[in-house]
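Okay, got some structures for you below.
Each of the next two complexes has subunit A plus one other chain: subunit B in the first, subunit C in the second.
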Partner chain A sequence: MHYIFEPGFFGSGPVHVALAVGAVIAITSAVVGVFTVIRGQSFAGHSLADIATTGGSGAFLVGVNQFWGFLAFGAGAAAFMEMIGVQRRRSRDVATGVVLGAALGLAALFLYLATQSTSTTGASFTILFGSIFVITTSTIPALIASAVLALATVLVLARVLLLSSLSSDIAAARGVPVRAVGAAFLMALAVSVALSAVIIGAVLSTALLIGPAATALRLARSPVKAVITAAGVGVLAIWLGVVLAYDSYYWPPAGRGWPVSFFVVTLIVVGYLLTFLRRRDRQPAPADTLDREHACSPA
Partner chain B sequence: MSEDLLRLENVSVRLGGREILKDVSFGIRPGQFTGLIGPNGAGKTTLLRVILGLQPVTSGEVLLDGAPRPHRDSSIGYVPQKLTIEPDMPLRVRDVVSLGLDGQKFGIRLPSRARRERVSDMLTAVGAQGYADARVGELSGGEQQRVMIAHALISGPRLLLLDEPLANLDISSEQGIVSVLGRLARTEHVAVLLSAHDMNPLMPVMDRIVYVAAGRVAVGDTDEVVQPEVLSRLYGRHVDVIRVHGRILVVAAPEGVDAAEAAAEDAGVIR
Partner chain C sequence: MLNTWIAGTVVAVIAGVTGFFAVLRGSTFAAHAIPNGAFAGAAGATLLGFNPLAGLAVFSVAGALGIAGLSRRARNDVATALTLVMMLGVGALFVSWSTEYAQEAYSLLFGEVFGVSTDEVLPIVILGAVSIAAIIVMFRPLLLSSALPEVAEARGVSARRMELGFLLVMALATSMTVPVVGALLMFSLMIGPSAAARSLTARPVLAMTLAVVIALVTVWAGIVVSYESNWPLGFLVGVLGAAFFLAGRAYRAAAIRFRPRVA
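Coming up: the complex of A and B.
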């Protein structure tokens, strides 16, 4: 590990980009992820990731940066899911079997065709498992802008999303446009899946979305703390992952380097498992028996 | 009837060819505790959803202060039927109550001392101050009901609707909830409309009863409404009302038994 602080690490341009863009995307994914988990839409996130894979492969085939493919297909799928209501449990099984299978089948075809025609065998790996060290400089502004947009959407909707998760009937009765809010959130989810796909790959993007959120939800009691914890876990996983991946160029087989995605996902899983070591105490809540005397005296 | 806070005029709801509510009319006055009583599937939840504006009516009108119910109204608080809140939901009891103030608003809000105190006062009023910092998903059913009542009340509604808040509660939590609600109706002058399939726990606090069966209602004092003749007419079959040790049991005969005979008697309280 002594190689990490070799001058090369902090002097490397791709490393700077990886650390900076990675952090922004990790924060966005983690914050969107917290709301995804509490809304019970982890599955929707996974579906979007599968369909984004097709988009990324297609984009590569026609020579466009894969981010645009992830984004276009993810957003399109989100709109479609909103229209037919796939995010609701009832229609999930059918959608999984038919639509997602077809999407990954198409992805296989696109990647095959792309690698045949350009003989760049790294393409499949980049689409499926990410490329944080080879982020195209020209897409950085778009990545940052998309991240800020998704993050802002979720923060603006935060209270309404919490109220709807508590009870969509209460939210509707209080005048919240529940369906429109759901659609806006699904869009933010699609954008954040596309962003994660760029850095750790379409197949693994849900890990960056759900993992830090799941960890945070085991640790934090309040929404603000959950969001901050998730963001912290996400950034830490990306940064440590980048450091380890950079270091791994000196690991066997020498000179090859291990994929960043492997480290990031492993760190996220380890972080989640560590939360089980912590005993979560519930405050000993006085039962109704204790409260009844207070109940009779107004505030 | 001009003093009615809420008034339903000949409300009918038809869903998929089935008539869920037929020609329902009744009013609720400020501070009045009304029990919405009836068997499961009678239309109680639909009736509450109509009042909340969540269920459009096929015909009839819902009036608030004598005017058609506005689309968005903060004068009605709502406690839905048993919520399923996961234990990992990152909402403390005080967060849930705080969402009762402005959960429908967009944007971020900064914490303030005044809000914190208001939330604490509300929790004390419903007897939930002991678990203000617990996660709401980790509470028992009775504790969650108190929290949701605080959530519904903190914005200062004049009418509180509760959908089966006593379902699945043990007897002591049940009595706790009923006494909190009875006191709120008396001291804060909040009108309470509470649905339940068993009227007995509500006897100490209930001013009026709206009895729902087969989509129709009978309205009045408990003694007026809970009579074999009235309920038989409502159910469309023979109903016995059994009073035992101060408790009331309503027993409906199998469909078709004595329906015609029961319907022939008219106690004059069916609207």
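Coming up: the complex of A and C.
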């Protein structure tokens, strides 16, 4: 047993927090991720994560907890992207890109000012790559509450979201306010990305968002099963990642532990690649057909 | 300072030319992913004591191949996202292994344009010339394949091969530009000016020229202001790029509204 769980693993406070909060966040990300992948908004998801970096560095500069910075900038950017037209398929990648570029510029400025005033450069590393073992206890209620809020939004909207993702025309004809639904989803996306930015870092939160969802959509045969599978894959990746990171304190070369984010990302990508090994001689799954339908439409 | 101007100018030209196609093809995400992921290569090369340029080249080419390879079996945006996070994950590992890396990681992500040495200028100019030459050779089929993929296929231009070719050129361009403007901001320079140019004109060669001009203005203005104020170049490039884009959009909106009616 000791080869898998190093002594002290179950007695360590930060580990408990990491496992519990990590699971909640992994579930939120995975569920939101399923809709993100179906809607073809991976780039928006990733951009919101990167933009959260700006918020994180801004928060560091003024001295509040990073999470609030992640959240404020994520939500702001989501609103702005919606405004300049992320809904139209043709132009939304460019609109997303321009917002992202400007936000990254701002991040550079914030980090520069922060390093000028405090002479710590470690901050940029924590913001970019996160650290699950240093979650501040006081932010945990806020983390959980935001996760529940994002999850609830997506689950309540699930049916209309699916419909408007597959055919916005039919949805509009049925009286669904397509644009409002899209905006609400983008907000939920921003919140969930801000959450995972806290644990595996802003630039890697895309992994938690897209990886489990893409894996699940290759395996599951219905949206409901896809959501459940994605949540399972996400939680598994986080937990295994935490265990491995804890073990790695005794690994070469440095004796300082490998970053959790590295393990989580590797596990997620390997899991996704493993789905390619599955023989695909059975009839294509509904979730997958839905996936293909989107592949044909201009992104 | 001369090195800074030369490097900045070459970077702007490359960014304008490749960015035009990135915007036209809608491969904005790949334009973001390749430079960003390549940063991990530089981190790894520094750790092992190689030239960062070699690490950047290896990782950006690996990224291009990864995106193109995975896209054959999965949705393009998912393939790009997963390739990107894998490279970044490895980057996080490399950064955590090395001891005094934080400052260097910062400069790779956000650029160090005033630190360009004479030894670095030559490879930048050579790689820049090679990527421009590659774009010129591919120009017509790439343009056709980007604008009308089906027609291009019918004429015997393989969309898949064009995608791979374009991604490889982007990888080449990336490996030389990242040390100058940084991984995160190479992207702003590719997208902002090109998107602005696209909203000003629909003619391809003119749009490409405009993209290069706007990118040059952005970089030169950025260098001057950055030198005076000591603020990071990345910030100025990102903000100027977005400003040009918004100005282009406003111009187009005005042009549509006040277009003379055809009698």
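In this text, the second predicted complex is superposed on the first by the 260 of 299 C-alpha atoms of A that agree within 3 Å, B and C clash if a C-alpha of one lies under 4 Å from a C-alpha of the other, contacts with A are read in each partner's own complex, and residues count from 1 in each chain.
Assume contacts are C-beta pairs under 8 Å (C-beta built on N, C-alpha and C of every residue); 3 or more make two chains touch, one makes a residue touch a chain.
Just so it is clear, the structure is predicted and the values come from calculations on it, not from any experiment.
In the superposition on chain A, contact of A:Thr266 is made with subunit C only, not with subunit B. In the superposition on chain A, A:Val34 makes contact with subunit B only, while subunit C stays out of contact range. Contact with neither subunit B nor subunit C is seen for A:Ala202 once the two complexes are overlaid on the shared chain. Contacts of A:Gly175 after superposition on the shared chain: subunit B is touched, whereas subunit C is not. Once the two complexes are overlaid on the shared chain, A:Val24 sits clear of subunit B and of subunit C alike. By the touch criterion defined above, A:Ala77 reaches neither subunit B nor subunit C. Of the two partner chains placed around the shared chain by superposition, subunit C is the only one that A:Leu106 touches, whereas subunit B remains out of contact. Touching more residues of subunit A than its counterpart among subunit B and subunit C is C. Shared-chain residue A:Met187: touches no atom of subunit B or subunit C.
In the superposition on chain A, A:Val160 contacts subunit B only, with no contact to subunit C. Overlap of the subunit B and subunit C interfaces on subunit A: residues 37, 218, 291, 294-295, 298-299.
By the touch criterion given at the top, residues 23, 26, 28-29, 31-32, 36, 73-78, 80-82, 84-86, 88-90, 92-93, 95-97, 99, 102-103, 105-106, 109-111, 182, 184-185, 187-188, 191-192, 195, 231-232, 234-239, 241-242, 245, 249 of subunit C touch subunit A in their complex. Residues of subunit A that touch subunit C in their complex: 37, 40-43, 45-47, 50, 84, 90, 93-94, 96-109, 111-112, 115, 121-122, 124-125, 128-129, 201, 203-204, 206-207, 210-211, 214, 218, 253-254, 256-259, 261-262, 264-266, 268-269, 272, 276, 291, 294-295, 298-299. Residue ranges of subunit A in contact with subunit B, taken from their complex: 34, 37-38, 155-160, 162-163, 165-167, 169-176, 216-218, 220-223, 225-226, 282-283, 285-292, 294-296, 298-299.
Contact residues of subunit B toward subunit A in the complex are 49, 52-54, 71-72, 74, 76, 78, 80, 83, 85-86, 88-92, 95-96, 99, 102-109, 121-122, 124-131, 133-135, 138-140, 142-143, 146, 151-152, 172-173, 175-176, 179-180, 183, 187-188.
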